[in-house]
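In what follows, structures are represented as C-alpha cells.
Both complexes below contain chain A, partnered by chain B and then by chain C.
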Partner chain A sequence: MIEEILGFCFLALTVVMLTYLVRHYIFTLSVLRNVNRTKKAPSVQNVEFEPSVSILIPAHNEEYVIGRLLQRLTELTYPQNKLQMVIVDDASSDRTGKIADEYSKSYPFMQVVHRAKKLGAQGKASAMNDGFKLVNGEIVLCFDADYYPQKNIVEKLTAGFNNPKVGAVQGRVVVLNEPQNMVTRLVALERIGGYRVDQEARDNLGLIAQFGGTVGGFRTSLLRSLGGWDESVLAEDTDLTFKVYLAGYKIRYIVDAECYEEAVDNWKAYRRQRFRWAKGHMQCFFKHSLNVLKSKNLNVKEKIDGLLLLNVYFMPIFAIASLIVGLPLIFYGVALVNTFWLWVPICLYSFVGNFAPFFEVGVGVHLDGRTRTQWLIPLLIVTFLYNFPICARALLEVAFSKLTGRSKNVWLKTSHSGNGNHYIGS
Partner chain B sequence: MVDLMPITINIIPLLPALITTVVVTLILLFLPAAIELKKPKDAGPRQITTNMPHLWPVHMSAVELEGKPGDYAVATAVFLSAIPNIEKV
Partner chain C sequence: MKIFDALVAILCLEAIVLCLLIAAFRVNLQSLVTLLIFNGFFASITFQFHGSLVKKIGLLTLGNYTGLFWNLVFNYFSVSAVQAAADPFQLQLFKTCYTVFFPFLNTLWVISFWSLSLTAFRQPKTTFQEAAS
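Up next, the complex of A and B:
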C-alpha cells in the first residue's frame, strides 16, 4: 500500500517536472528561432509617440547608490518637459533624503516624498503607493535606487505602449557588479537566463511576460484602477503581473531596454532576497491560481503558463522530494519508477536558481556574446541547492499563515553598498 | 524498462571505479569554473547594446585597490590598468 502511494506521488512529481523541462526547452528554442528578428527590429520605432512619463523611485537607506541613479536620470534623452520623477525617501536614517533634496533643488521635474519613521520602512509596496499619489504622467515607470539605466530607456519602454492592449512593460535587468565575486557572477548567470531567454520567450510566444518590479511600468490609469501596489504580499510585482493580465491587458517585454543593477554580493543577502521572492510568489499562487483558471481574459496557453509561473518556487521542493521518494522505490523494484527516476536528474536542470535552467543560461550567455562565462554554468547547482531550504522555509511560513489565519510579512530589504560604482566609467 | 543492479555486497569491488568516475566527472564539471573564478577573463559588465557608452570593464585588482602609492599592489594595478583591454566588448 505504502509502495503504491509513494509510486503515485513520485510519478506525479516527475510528470510536473517534465512539464517544466519541456516548457524551458520550448522557451529556449523560441528565442533561438527569433534571434535574427529581434536584432533587426529595435524597440524604438515610432519616435512621435511621446507620452508624459512619471518615474517612481523608492529608496530606504540608499545613500551609496541613489546619487548615481538620480544623476543618470538627469541625463535621459527623453524630453524633460514630459518627465516627472518622484523619489520616495522611505524613512531613511542615512543621507538618502538629503541627496534627493539636493537633486530636486537643481531639477524641477524631481519631487521628493519624505516618509515619517512610523509610516515608512514597511516595504516597497507601501512606499510606491505613497509616491504614486503624486504621479501625473500617462505612464508610470519604476526604478529601484541601485539601478543604472540606459540614457534612452524611457523611449524604449514607452514604445511598448503604442499597442492599446499593452498595460505594462518590462525591460531587461543586467548585473552591474558582475566581476565582484562568485555570488554576483552566479546571480548574473541567473539574470541572463531569466531575462535574455525566459522573459523574451514568453513575450515571443504570447505567454505571461512578467513585470519584475523595476525597469518597467504601467499605464497610470490602469494602475489606479488596479488599486496600486498590494501591501499584503511580498512579491507585489508578481501580484501586479497577474492583475494586469486578469484585467484583459498584456505585458510587453523589451529586451533591448537594458538597465544595470547592483546585485546582492553575499550569500546572506542572496538568501534574504530569494526568501522574499519565494514567499511572495507563493502568496500570489494562493491569491491568483483560481482567478487564472476562471478568467475569460486569458487564453488556454496563457492559463497554463500562468499556473506554471505561479508554481515556480515550489519546484525546488518538488525536485528534491521526487529524488527522496524515488530512491526507496527503486529498491522496492518498481519497474516504472526505475525508468522515470532516470529523468529526475535531467529535470533538475530545469529548476536552477531563479527560473534559470542550465540550457537557458547557456543559450543566453551565448547570445550575449559571452565566452568563458559559460564555464561557470555547472556552479549553478550551488544556487539550486541553496534555493531548496529557502523555498522550503517560505512554504512553511505561507502554509502556517494559511492554517492559522495570521499573516506576518517582514520586508527584508536588500542593502546596497555602492560596489557597482566601480564599474561605471566617467 | 530499465533493470538496475541490486545493491549487495558484490558491489564493493566496483567501488574504486565508481569513485574514480565520480571524481573525474566532478573535476571535468567544475575545474573550468574554478579557473574562470580564479582568473576571470569574461567577468563583465558587458556593453551588450550599442547605446551604453558609459560602462567599461574594470580590472579587478584596480577595483579592490587599497594602500599607498608606493605599495607593490598599487603599482601592479596601475601597470595593469595601463595595458589596453583587448577583449571583445
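Up next, the complex of A and C:
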C-alpha cells in the first residue's frame, strides 16, 4: 500500500515537472519564432498617445543609488509638463531624504514624501500606498531606487496603454552590475531567462504576463479601484498581477523598455531576496488560486498559465521531493513506470535553472548576444540547490501561518551598495 | 561550394545515425534516448539561430559523439561496478545510484555542450547599450 502511494506521488511529481518542461519549451520556441518573424512590441514611433504620467519611487536607505536614479529621471525625453515624480523617503536613516529634497528643489515636478520612523520601513507596499495618495497622472509607473532606466522608457511603457484593455505594463529588467562577481552573473542569467524569454513568450501567447513590481505601471484609475498595493503579502507585485487579470484587464510586456538594476551581489542578500519572493508568491498562491479557477474574465489557457505561475516557487521543493520519494522506490525495485523515464523530465526541467530551464536561459542569452555569459549556464545548478532550502523555509512559514492563523511578514530589504554606478557610462 | 556543403551535411547525418545505432546496440537504450533528447533540443532550438546549416549539423554530430563517449565510459564503469559488487545489498545500492545519476549526469553534458555550442552562433549585443554609452 505504502509503495503504491509513494509510486503514485513520484508519478504525479513527474507529471508536474513534465508540464513545466513543456510549458517552457513552448515559451522558448515562441520567442525564437517571434524573433525570426521580427514581430515588434508596441513601438514608440507608431503610437500618438501621451498621457500624464506619475512616477512613484519608494526608497529606504538608498543614499548610494537614489541620486543616480533621480538624475536619470531628469534626463527623460517624455515632456516634463506631463510628468510627476513622487519619491517616498521611507523613514531612511541615511542621506536618502536629503538627496531627494535637493532634487525636488531644482525640479518642481518632483515631490518628496517623508515617512515618519514609526510608520516607515514596513515594506514596499506600505510606502507605495503612501506615495500613491499624491499621484495625479493618468498612468502611474514604479521604479525601485536602484534602477537606471532608458531615457525614453516612459514613451515605451505608456505606448502599451494605447489599448484600452491593457491595465498594466511591464518593462525589461537588465542586470547592471553583471560582471561584478559570480552571484551577479548567475542572477543576470536568471533575469535573462525570465525577462528575455519567459515574459515575452507569455505576452506573445496571450498568457499571464507578470508585473514585476518595478519598471512597470498601471492605469491610475484601475489601481485605485483595486485598492493599491496589498500590505499583507510580501509579493505585492504578483498579487497585483492577478488582481489586474481578475478585473478583466491585461498586462503588456514591453521587451525593449529596458531598465538596469543593481542585482544582489552576495549569497546572503540573494537568500533574503529570494525568500521574500518565494514566501510572497506562495501567499499569492493561497490567495488567488481559487479565484483564478472561478474567474469569468480569464480564458482556459490564462487559467492554466496563471496556476502554473502561482505554483512556480514550489518547483525546487517538488524536485527534491521527487528525489526523496523516488529513492526508496528505486532501491526496492518498485515503480509504476521505469524510473529512468521519470527522472528525465525532472532533470531537464529543474536541476539547471529551476524557474527557467537551461534552454530558455540559453536562448535568452543568445538573443541578447552575451557570448561569454552562456558558458556559465551549467552553473545554474548552484542556484537551484540554493533555492531549495529557501523555498522549503518559505513553504514552512506560509503553512505555519495558515495553520495557526498568525501571520507576520517581515520585509527584509535588499541593501544596495552603489557598485552598479561603476558600470554606467563606462 | 554548395555541393561541398551538402556532401558534408550528408556525411554528418550518416555519422549521427551511426552514433545512434552504436548507442542502441552497443551501449543501452537509455543512452539512445538521451542522444535522441539531445538531438531533439538541438534541432528544434539551435537550428533556428542564424548560421550556416553545415556548422549546425557539424556541431550536432560533435555533440552526438561526445554523448556516445560519455555513455560508453559510464556504461563500462557500471558493468565493472556490478561485477565487483560483493553482495546483493551493494548491488542494489549501486543500481539505485545508477538510476538516479544516469539522467542527471547526462543532463550535465547535454547542457554544457549545448551552452558552449551557442558560442558558435554570434549575435550582436542587443541589451545594455544605453547604460554603457
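Heads up, the rule we're going with is that the second predicted complex is superposed on the first by the 396 of 426 C-alpha atoms of A that agree within 3 Å, B and C clash if a C-alpha of one lies under 4 Å from a C-alpha of the other, contacts with A are read in each partner's own complex, and residues count from 1 in each chain.
Operating definition for what follows: contacts are C-beta pairs under 8 Å (C-beta built on N, C-alpha and C of every residue); 3 or more make two chains touch, one makes a residue touch a chain.
Small disclaimer: the values here were computed from a predicted structure and weren't measured.
S.K.: Looking at A:Ala12 after the superposition, I want to know if it touches chain B, chain C, both of them or none. Which is it: first, second, both, neither?
M.R.: Touch partners of A:Ala12: none, neither chain B nor chain C.
S.K.: One more residue to check, A:Leu29. First (chain B), second (chain C), both or neither?
M.R.: second
S.K.: Based on the superposed arrangement, let me know which partner A:Ile330 touches: chain B (first), chain C (second), both, or neither?
M.R.: It touches chain B and chain C both.
S.K.: One more residue to check, A:Ala399. First (chain B), second (chain C), both or neither?
M.R.: In the superposition, A:Ala399 contacts neither chain B nor chain C.
S.K.: For A:Phe359 in the superposed arrangement: first (chain B), second (chain C), both or neither?
M.R.: In the superposed model, A:Phe359 contacts chain C only, not chain B.
S.K.: Look at A:Leu293 in the shared chain and tell me whether it touches chain B only, chain C only, both, or neither; answer first, second, both or neither.
M.R.: neither
S.K.: Considering only touches as defined above, state whether A:Leu119 meets chain B (first), chain C (second), both or neither.
M.R.: neither
S.K.: Counting only touches as set out at the top, which of chain B and chain C does A:Gly369 meet: first, second, both, neither?
M.R.: In the superposition, A:Gly369 contacts both chain B and chain C.
S.K.: Between chain B and chain C, point out the one touching more chain A residues.
M.R.: C
S.K.: On the A-aligned overlay, A:Pro378 touches which partner chain: chain B = first, chain C = second, or both, or neither?
M.R.: Both partners, chain B and chain C.
S.K.: Once the two structures are superposed, pull the chain A residues common to the chain B and chain C interfaces.
M.R.: The overlap between the chain B and chain C interfaces on chain A comprises residues 150-151, 174, 176, 258, 260, 330-331, 339, 368-372, 375, 377-378, 423-425.
S.K.: Please output the residues of chain C touching chain A within their complex, sorted ascending.
M.R.: Where chain C meets chain A, its residues are 30, 33, 37, 41, 44-45, 48-49, 92-93, 95-96, 99-100, 102-104, 106-108, 111-112, 114-116, 118-119, 121-128, 130-133.
S.K.: Within their complex, state which residues of chain A touch chain C.
M.R.: Answer in residue numbers: 28-29, 32-33, 36, 148, 150-151, 172, 174, 176, 196, 258, 260, 323, 326-327, 330-331, 333, 339-340, 343-344, 346-348, 351-352, 358-359, 362-363, 365-372, 374-375, 377-378, 381, 423-426.
S.K.: Please output the residues of chain A touching chain B within their complex, sorted ascending.
M.R.: By the definition above, chain A touches chain B via 150-152, 174-180, 182, 185, 188, 256, 258, 260, 330-331, 335-336, 338-339, 342, 368-373, 375-379, 422-425.
S.K.: Sort out for me which residues of chain B touch chain A in the complex.
M.R.: My answer: residues 1-4, 6-7, 29-30, 32-33, 35-37, 40-46, 48-49, 51-52, 54-58, 60, 63, 88.
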